[in-house]
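Structures for review follow.
One chain, chain A, appears in both complexes that follow, with chain B as partner in the first and chain C in the second.
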Partner chain A sequence: MKITIKALCKLFGKVKAVDNLALEIRDGEFVALLGPSGCGKTTTLLMLAGIYKPSSGSIRFGEKVINHLTPKERNIGMVFQSYALYPHMTTFDNISYPLKLKKVHKKEMMKRVQATADMMGIGELLDRKPAELSGGQQQRVAVARALVKEPAILLFDEPLSNLDAKLRLRMRGEIKRLQESLGVTSVYVTHDQVEAMTMASRIAVMNFGVLQTYGSPNQLYDHPDTVFVAGFIGAPPMNFLEMRFEERDDGFYLGSQALEIRIPDERGAQAKQNDVPQRVIMGSRPEDVSVVAERDGDFKAEVYLIEPLGREDLVTFRFDSEEIRALTPAPFHGQIGETMSLKLDKEKVHLFNPETKVSVLRSGNGGSS
Partner chain B sequence: MIVRPKVKPVLAYLALVVPSSLVLLGFLWLLITSFSTRTEGLKSLGWTLHNWRFLWESPFGPGYPSIWQITLNTLLMSLIMTVIVVVVSSMTGYALARMKFPGRKSFLSLTLILHAFPSVTLLIPIYFVLLWITKIPLIGRGVPLLGGFGYNTVGGVALVMVAFQLPFGIWIMKGFFDNISWDMERSALIDGASRFKVWWQIIMPNIRPGVAALSVFSFLTAWNAYLIPLTFTAGRAGKSVVLSLYLQNFISESVMTEWNAVAAVGLFQLIPVVVFFLFTQEALLNIYGGGRKGGA
Partner chain C sequence: MRGQLAPYVFLSPTLVLVTLFFFIPLVMVFILSFTNLDMTNFGILEWWSPANWSLDNYIKIFTNRFFSKILGNTIMYVVLTLTVFNVGLALVIALITTHINRRAGFAFRVLWFLPRITPVVVYIMMWKALAGPAPMGIINSILGPLGIGSGKYLLNTNPWVFIILANGFIGASFGMILFSSAIEAIPKDYLMASKVDGATTWQTIRYVELPALKWPLLFVTTYQTLSLLTSFQQIMLLTDGGPGLYQTEVWALTAYHRALTSYFGNTQWGYGAAWSVVLVIIGIVMAVIYLRVFKFGELVEEPKIDQL
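This part shows the complex of A and B:
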């Protein structure tokens, strides 16, 4: 089922929880709503579920506007962070509850519950109560309950947040595979960018109720639209430095007190076309910063902190009063306090307007969406 | 130092045993008194069943209603009040905890004010209300067993008791509903339940301890009520009399008070309370354990 959201707003009193949201989710697509807590992603999900009524704007399932339909009339399944199982019912009763309400025939109900439970690997646990199940099993019951009525749309509200790290990784894969094999249109709310990146085919990043960007994980990672998206996607986060943008006869330059770099012509030209201001925010991911021999370096900085990550070491450098982080191959050969030469990958430099916080490297008309 | 771990439980038991034995001593005294002709402290000066004769004959003559009629009255009054209070509080509490409607906040503060309101000041206005209800045909005084819902009827007294108990009940129930996670309710709505089904099939089974606690409190309040039955029934010997008023018959101004009989009737009134308590103490303890997490 295709979902089309247009000019959607939700007000709680005077607080705008969701502000003029536009989003299109293709049939069978897995979309993640990503953002920090309080960004409006759960509110959006609850509007899709029919728990909250939109203040204005429209939500369509297929071609039909469903703004005023009750949750019951929407044919959706939802999985909650707290699992939201009914503690007084057995696993069987929990899973069969949606079917019971639909007055599905008893034999048919037994068959469907058993099949769904088997698919989720909890076929043996049907007579247990939720309190007798582990967190992972409870989550499987919750997913089974959402799936059993064969919904047109699946909604997930941070379903993995309460699981431990190892189980989370496993359930992440299982949910993704399940979604792919069933082909049910799914919306997945999370504040964990790794979850969003690994599971979703497209990610909608939200902040303060406003949609920041909407695109595939790679698109968001390689071409972030705003400073917020650039800083939110990717771990460790992107470095930001305030710099001067200059066009000279031989090309485009970025400069500050400590360093000056020449950026590729096409990047410079694109920025110029987007009315780049004199001062810009330059962004560079830690993996695009490397330690090099002195003659190849763009600038020098002092080692401030070394954090081994196993495969790589995350090193924080200081220069002037700025900080920059670099991911270097482990083991890192350097001492705290030592001055080293650093080089930025200019092909992967991002530029943002410090006023609007919008990227000046975007193709198109440069207007923010 | 080695003794130390053992000192703590001993102190705890001491703190429990001393006050409870004082209370128990009072009950023991009552028990001995009720089976004695006279007592000197805890010592009986002669055993007798005379004080308990009210169980098989009316000590005030045949014109008085029998103790069993009175017990039935008390039981009916208490049950009616408990059922109405629990049903109305569960629904009101749910609405206040979960639904948005105009006047919700003022309703909440109003119930709180009513809860704190000195009920004695309302006795006279309520008397007129009951008199007015009496005039309504059938409902006034034509209901079998209860008499009706007007003045000098078991139903009428129950009605007044309900009114005084409701603010407390609503607040207690609202507290229990507040403790139930929204997600569970949302989940049920998405599963296709109506609001009423959510309330009845999902929420209510999960606040059973709350229902039990409120039932016990309401029942005991009604069972022991004195002022309201006294005010809204005509005389201690009327057909709508309840146990607490019956007890009063033994303490009169003109004749010497039979304290041994008072003890017996007092104990008799106590029996249902103790039985009720035995069966519900677990539920009562649950209130202090907080809402159930994850079921079981």
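This part shows the complex of A and C:
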């Protein structure tokens, strides 16, 4: 089922929880709503579920505006962060609840509950109560309950937050596979960018109720539209440095007291076309910063902190009261306090307008919707 | 040593009070119920001596010609007030006031709570003013011009209606407070999940909210049964067991009448005590039955998580 959201607003008193949201979710797509807590992502999900009524704007399932339909009339399944399994009901009663409400025939109900439970690997636990299940099992029951009525749309509200790290990784894969095999249009709310990146085909990043950007994980990673998105997506987060933008006869340069780099002509030209201001925010991901021999370096910095991550080491450097972090192959050969030469990958330098916080590398009006 | 003593030092004021004003009187009432102590032999009868104990009072109770009338009155009073008001209406008010605007619901509950904090004599005077004969009684002065009713004193024509209403209005506020706080304590996720699963408001109440109220329901039912069994002030002030002979006399009122009023020229403390003791036993039996019916053991059972 295709979902089309237009100019959607939700006000709580004077607080705008969701501000003029526009989003289109294709049939069968898995979309993540990503953002820090309080950004309006859960409010948006609850409007899709029909728990909240939109203050203005429209939500369409397919071609039909469903703003004022009750949850019952929307044919949706939802998985909650707390799982929200009814504590007095057994697993069977929990999963069969949506069918009981639909007055599905008893025989048919037994069959569908068993099939869904088997698919989720909880077929043996049907007579247990939620208190007798582990967190992972409860999660599966919650997903089974959402799936059993064969909904047109699945909604997930941070379903993995309450699981331990190992189980979360496993359920992440299971939910993704399940969604792909069933092809149900899914909206997945999370504040965990790794979850969003790994699971979703497209990610809508929200902040303060406003949609920041909407695109595929790679698009958001390689071409972030705003400083917020650039900083939010990717771990460890992107480095930001304030720089001067200069056009000279032989090309485009970024400069500050400590360093001066020449950026590729096409990037510079694009920035110029987008009315780049004198001062810009330059962004560079830690994996695009490398430690090099002195003659190849763009600038020098002092080792401040070394954080081994196993496969790589995350090293924080300091120069001119600025900080920059680099992902270097482990083991890192350097001492704290040692001065080293660093080089930035100019092909992957991002430039943002410090006033609007918007990227000046966007081509045309692409990217954000 | 000092550390071991401290708990008892802190407990002692309450222990002394409870012993003096609860345990000792309880034992005394129990002993008194086997004697024929009354106003005439007070100071003469050695009521503490087992030689003066007998089961006569209990035989008197069960052979009393009004025994079945009093028992029937008590059962009717307790069952009707409990089911219709103290539990039934309390639940309805709690459900309605928690499903409407929060502030309106709260305001309504505050209003409904007022009779409970009104002195009982004032409260009963208001009911008497309602029930008064035409032209003074409020109900009669409204119904009279419409041609309904005979204009007689309503406490004489329909005493039970007024007894149950007067008790029920107060009684319902207790359950109302407990039920509404229990309903508001239900995690909102359950209610949202139920709606998303396709339930109407009524179905959500029926399948998700009511089961979550099992514990407060047990508590209110048990507590209010015991409370109604022993309550007699409202009835005493409204009808004092009348208007006919034993027409609205309940068990607790009988115990009071026998023990502490001089209806027949004396106050039969021993006989009254026997009525009270039987009432206490009825109360205990009822409480045990409730705990069995509601499967109290299961309500407090430990979870059985065996794997993570």
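As a convention for this text, the second predicted complex is superposed on the first by the 364 of 369 C-alpha atoms of A that agree within 3 Å, B and C clash if a C-alpha of one lies under 4 Å from a C-alpha of the other, contacts with A are read in each partner's own complex, and residues count from 1 in each chain.
The criterion applied here is as follows: a contact is a pair of C-beta atoms (placed from the backbone, for glycine too) under 8 Å apart; a residue touches a chain by one contact, two chains touch by 3 or more.
None of these values were measured; they are calculated from a predicted model.
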**OP:** Report clash or fit for the pair chain B and chain C bound to chain A in the combined superposed model.
**Re:** clash
Original post:
A:135 contacts which: chain B (first), chain C (second), both, neither?
Top reply: second
Original post:
Who does A:350 touch here: chain B (first), chain C (second), both, or neither?
Top reply: neither
**OP:** Based on the superposed arrangement, let me know which partner A:10 touches: chain B (first), chain C (second), both, or neither?
**Re:** neither
**OP:** Could you tell me if A:325 is touching chain B, chain C, both of them or neither one (first, second, both, neither)?
**Re:** neither
**OP:** Once the two structures are superposed, pull the chain A residues common to the chain B and chain C interfaces.
**Re:** 46, 49-51, 70-72, 76-78, 80-82, 84, 86-88, 97-98, 101-102, 131-132, 145, 149
Original post:
Touching chain A in the complex: which residues of chain B?
Top reply: 181, 183-184, 186-194, 197, 202, 205-206, 292, 294-296
**OP:** Name, in rising order, each residue of chain C that touches chain A in their complex.
**Re:** 187, 189-190, 192-200, 203, 207-208, 211-212, 214, 303-308
Subject >> Parts of chain A lying in touch with chain C, wherever the complex brings them together >> reply: 46, 49-51, 70-72, 76-78, 80-82, 84, 86-89, 97-98, 101-102, 131-136, 145, 149, 155
Original post:
chain B touches which residues of chain A in the complex?
Top reply: 46, 49-51, 70-72, 74, 76-78, 80-82, 84-88, 97-98, 101-102, 129-132, 145, 149, 157
